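Take this structure first; my questions come after.
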Amino acid sequence: MSLQASFWNNLDQVFVLLQHWIAGYFPVGLQSAVGTILAVVGILATFPGIFALTTVLERKGLGRIQNRLGPNRVGPLGILQPVADGIKSLTKEDIVPLSADAAVHFLAPVVLVVAVFLGYAVLPVGRNMVLMNMDAGLLFFFAIGASTELSIFMAGWSSRNKYSLLGAMRAVAQMISYEVPLLLSSVVAVMITGSLSTVKIVEAQSGFTGIFPHWYVFTPWGFAGFVLFVIAALAETNRSPFDLPEGESELVAGYFTEYSGFKFALFFLGEYLGMFSIAGFAITLFLGGWGAPLSVLGFVPSWVWFFLKLLAAIAFFIWLRGTLPRLRQDQLMNFAWKFMLPMTLLNLLVAGAWRFLGDGWLRWVVCSAVLLAAYVLLGRVLMRHQNLGARSYRYAD
Amino acid sequence: MTPLAAFLIVAALVFAIGLAISLTRRNAILVLIGIELMLNAANLNLIAFWRFGPHSSGHGDGLTGMMFAIFSIAVAAAEAAVGLGLVITYHRHAKTTDLDAMTRMKG
Amino acid sequence: MIVCSASLMASWLAQDQAPNFTAAYHGGPSWIVQILWLIPAIPMLAAGLIALLKQSQRNLAAGLAIGSLGVSLLLAIRAFTHVLSVWGQGGVAREVVSFNWIELGATHLQLGWILDPLAAIMLVMVSFVGLLIFVYATGYMAHDENFTRFFCFLSLFAGAMLGVIIANSLLLLFMCWEIVGLTSYLLIGFWYQKPSAAAAAKKAFLTTRIGDIFFLLGIVWLFAQTGTMLFYNHGAGAMEPVALAALLSQPAALGLTAAGAIGLLIFAGAAGKSGQLPLHVWLPDAMEGPTPVSALIHAATMVAAGVYLIARVYPLMSAGATAGGTTVSLTVVAWIGALTALFGALVAVAQNDIKRILAYSTVSQLGYMMVGLATGGVAVGMFHLITHAFFKALLFLGAGSVIHGCHEEQDIRRMGGLGKIMPVTFLTYAVGMLALSGFPIFFSGFWSKDAIIGAAHAWPVSEGPFVLLLIGALLTAFYMTRQVGYVFFGSWRGPSHSHAHESPLVMTLPLSILAVFAIGLGVLGTPAWPWFTSFIESKRLLVDMHGFSEPGLVPLMGFAVVLVLLGLGAGWWLYMQKAVQRPATAPVHHHQQEHGDEPQHRPGDIVDVLESSAPIIWKWLANRLYFDELYAATVLRWYAALAWLSDWLDRRVWGGTVAAIAKGFRGLGWANKAIDSQWIDGTFDKGCEELVTGGGLLAWLQAGRTSRYLRVLALGVLVLAGLELVVGAMSGQVRP
Amino acid sequence: MIFGFSIAFLLTAALTVAGALAAALLKNLVHCALSLTVTFAGLALLYLQLDAQFAGFAQILVYIGAVAILVVFAILLTRGAGIAEYRGFSSSWLLGLSIAAATFALLGWAVIKSLPAETEASAAPAVTVQSIGAALMSSYVLPLEIVAVLLTVALIGAVIVAMPEPRTRKSGAESGGGQ
């Protein structure tokens, strides 16, 4: 191969090579273990870094959206703000309420963070860059994601605080309700790929027609699946507009009202890591994972693409948070069970049709038509019963 | 590789504990928990036998044991949902979840 | 000549499938047999649909029921003609379809259906009579607000009954049998608001259950012995020589063979269903149901199911019979049948409820059928079953029409002179009455009953049944005449303000049709032209007037005729020639007739002639020989005694001993008071403790504690598993 | 390896049994529920050690993700949460315990007696998720359908059972959400 090609190639695989190179210094028996440890270290190093970056990005972004500056003191343009926050949270006193259930109160954030980190094990961040390429990777991710609810409940219940408990109840109800559409909307990708392995899913999308990639999001069912997945992901990570569990104006800080200092930081970390991982899976499932958006850009290392997409997704989440108002609990539930669920189920059928209609324009027409019709009709039906009108102010004016 | 007997013993232990729970505890929810434990022990047995047994059984695919376990997991979920629903309803009527107090059938 | 005409008719009726007769023999069964299951399925389906209807959709419900049964009737006739044609070709028309229902490892339970002359003729009879009664019911129940429910039950019953008929597997037969029992329960208790009706329903259900338990035992035993529940299965069925030989070789208790024992068990079931002597008590009370029900279920079809069952398993019952001899089970059947026949006839004499009289006559006639089966073989019994089905249905519908006309009056002492008011009913009823009492030559009842009496006479074992049947015949003629005299002759004795009227056409039309059959069916079974017998036994049919010249046949017939005429005459002399009048003196109190009680006197009721002459006997008969009382005094008493005993044990033995101990201690304590006061308290407390523990012990069993049940359950499972393992260790699967 | 048991097995087994014991003995219901989840997780790990990936993840998804949450909700809705209920054990706990012990003894005896202590482990069966899916769609399709029906029925049944009667709508409202 030409020198240049090999250079890009090595750049693409640089982390893998590094891992092998380091592991090479160890006796053969240990090499695999060391390799794993290195990969874990990599994950543990990278994503908290992104977390730190995100905090400041979010605060500044929200600031811009709300027409203010946001943090701009620590370091140039307040870039070092996260460092200050970290030091603060580490040095703050760790308060455990007197009546709290100490053990559970302590375990809750740990469980959360551990579970969230486990989720990264099957997330391919680049070509050959996945910790465990297991056969049932996606299932693993969802199983782990399901177990975070427990930690949230533990936090809310152990604090012996009505806000915490209410927040926890809301959070768990919400997460359970949205887990269903989340799972179902990701199943379409599995159906088409024919595998639960995240790596296989990405590889299935790595082709190109002309210069355009074969991302699932560019198909009718893929687009619908992507949108549904993102909505469910927002709810699953308690992000705005689904942030009822920690709605500051309603329950002080939801289930981690009673947390302070480092445990609070852990929760914060867990929240954001959860957001990253689920965004990462959205990318893996529908946005071609580490694949390049245009064939001509194929030379750029795969991990670059992945992290670029991740940052874009984060920016999108921040934008939503700055834009959308918060839902009400009943709206939340109705949306989950009456809109998301039917749409995801229908999407499954559409994906099946796509699979069996064979190539050609026909399947495009059919699938898009079905999805559009379903969307419009469902929207009509759901909207009919809630009489939306001009807002009436009872106490103002 | 750990011998089959070890898994079976663990399963038996879990089963016995589940039985003990459902026989000695008075709270209906705990009794349900015990039942769940027993089901899980059974599942462990199934999986263990599937792993150690001959891999071509029943339908020719070596899956019978695992399938059995998977189905029983699904059924257990249904059982839990209904059972807990019943407990909640009973609590709404009688304001108790104490099995020894659940002697009335009239709601 | 008859043969070729029969075969001609057959081939005309079955042209379209003349080619696949051969298929019917050699290859698979013909299409009509393939779809035979539709016959019961359709009415059941209709029942399901009707169950979904609203209470107000009366016409739709009736239409569904009648339509579905009509289709079944057509199919049944088609099947009948098929059998006819096969018979006409000189073949033995028995085709079976069977399939596996459940497979338990090696053994599998098979279900299936059969088409043979027996089933075919029963199919036609049941669906035809049923159809007529459905039509009638639309008139009779017109004013009932649960019309739809009634027809739902009726269709369900029809379906189940047809299922019983076509069943080729004891299992399937038993299922349908139980559905039939259920519908009978539902229909008897149809007016469940009436406590008497509810009670009657319960009684019927439980009494038949007693029989069914034995029946089930018989089935299980048979299955255990032969490994199949199919009657006929190309040589492998339970009613076929191989299995029968196996059964005969199996000795059971009391010197019975397995065959005999199983036969007796099955007969117990049949006795329960068709009200044979020990278990007959439910049948008269069953008249609490609406009259069409009484006609359909408790006269024409269901009660005949028992007889049909015996006919089905006849090979089993008669297995091992020496030439001209008989078997234990058949002997039992004969005697019980004969006793039932006499008993029913006796009791019927002294009843005053129009439907009860018919009910008891049904009991007695069923007895006749049993005797016919036991002594004369399938054909004889079945012939009487068929004819009886028609004229008894006719009688019941007539009674219903009378009741309807007299505004729900059922006591014949408060009727009279209806002959002029409702002529159609009267004529048809008279036909039915003559048929039932076996009036010579013209009426079907004569031929069938005469065949039975002849068979009983020829029975080698004993003359007893024969004599009993003769007396029964005499009495039958008598009580029917009495009833007719009461109802249709004389003058109106009912409350003056109520006026009887003739029933509408939907009710009288079925009456007329049935009447025609009650007369016409007789020709099928005359000794000269034994069509029925040879059809059932699928022998070649020959006509010869020598049938009459068999030794002793004509004298016997004559004797029977004389008896019948004697009965009729006596009845006429007592109840018609000087018409029964109401004693002008006593005032009339018309109060709500309570059903199902002993016929008790009310002021204004006339005193029966016989009653005044022989009050003691009359009282006995009127109270049905105190059978219910007997049961109340024995069975129920035993239960009561048991309950009381256990209660007594609880109170006295447990508590009592405890109390005694306590008392003893207490007395001791009092005695020792002077010496030592510690003792007293000690013993006192002890005694009290004892009492408490005793009480607790008793209470322990009763409290509905879930956890306790769980515990017992777990213990049981544990013990079972332990046994299993120990046994396994014994047999070496588990290495000890 | 300690007496032929891999350390991983010993750890997970200990975890499982410990969780179960805790569920049996703890006073506070929520603690019981949480330790129950530990048991579930341990069992899932055991499945993984038995090369039953799919079953293991299904176990986590269903039991920890759904059943445990359900139990916890039920506990909260039946007010069993805060107060550590007094006399958590039924009057005749000894009998129950002995029955359980006897059961364990019986099963253990059977296992020990009937199995060679050292079973040679056959090669891990190559079971991919594809093969499971194929089997579910081919030879196990009927059970699958039946389970689907069962789950639907159970879902509806649970909702209806826990649905508040009109008069108690207020008190039952959140239970509707909980189901």
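Observations on the model:
In this document, chain identifiers A, B, C and D correspond to the written order of the chains, with residue numbering beginning at 1 in each.
Simple rule for what comes next: a contact is a pair of C-beta atoms (placed from the backbone, for glycine too) under 8 Å apart; a residue touches a chain by one contact, two chains touch by 3 or more.
Quick caveat: nothing in here was measured; it's all calculated off a predicted structure.
Seen from the Cα centre of chain C, the chain whose own Cα centre is farthest off is A. Central chain assignment: B. Criterion: smallest distance from chain C-alpha mean to the mean of all protein C-alpha atoms. Centres computed as Cα averages put chain C at a distance of 54 Å from chain D.
Chain B and chain D have CA centres that are 6 Å apart.
Centres computed as Cα averages put chain A at a distance of 34 Å from chain B.
With centres taken as mean Cα positions, chain C sits 49 Å from chain B.
Multi-chain contact residues of chain B (touching two or more other chains) are listed as 19, 23, 26, 99-100.
Within chain D, contacts with two or more other chains are made by residues 54, 58, 66, 73, 90, 95-96, 99-100, 103, 178. Each of residues 707, 711, 714 in chain C touches at least two other chains.
Every pair of chains meeting the contact definition is listed here: A-D, B-C, B-D, C-D. The part of chain A that touches chain D in the complex is made up of residues 101, 104, 134-136, 139-140, 142-144, 146-147, 149-150, 153-154, 157, 160, 165, 169, 172-173, 176, 179, 194-196, 333.
The touching residues of chain D, when paired with chain C in their complex, are 90, 92, 95-96, 99-100, 102-103, 106, 109-110, 113-114.
Listed in rising order, the residues of chain D touching chain B in the complex are 4-6, 9, 13, 16-17, 20-21, 23-24, 29, 32-33, 36, 39-40, 43, 46-47, 49-52, 54-55, 58-59, 62-63, 66-67, 70-71, 73-75, 77-80, 85, 87-91, 93, 95-97, 99-101, 103-104, 107-108, 111-112, 115-119, 121-122, 124-125, 127, 131-132, 135-136, 139-140, 143, 147, 150-151, 153-155, 157-159, 161-162, 164, 168, 171-172, 175, 178-179. Of all the residues in chain B, the ones that touch chain C in their complex are 19, 22-23, 26, 31, 99-100, 102-103, 105. Per the touch definition, chain D reaches chain A in the complex via residues 28, 30-31, 34, 37, 41, 53-54, 57-58, 60-61, 64-66, 68-69, 72-73, 76, 81-82, 128-130, 174, 177-178.
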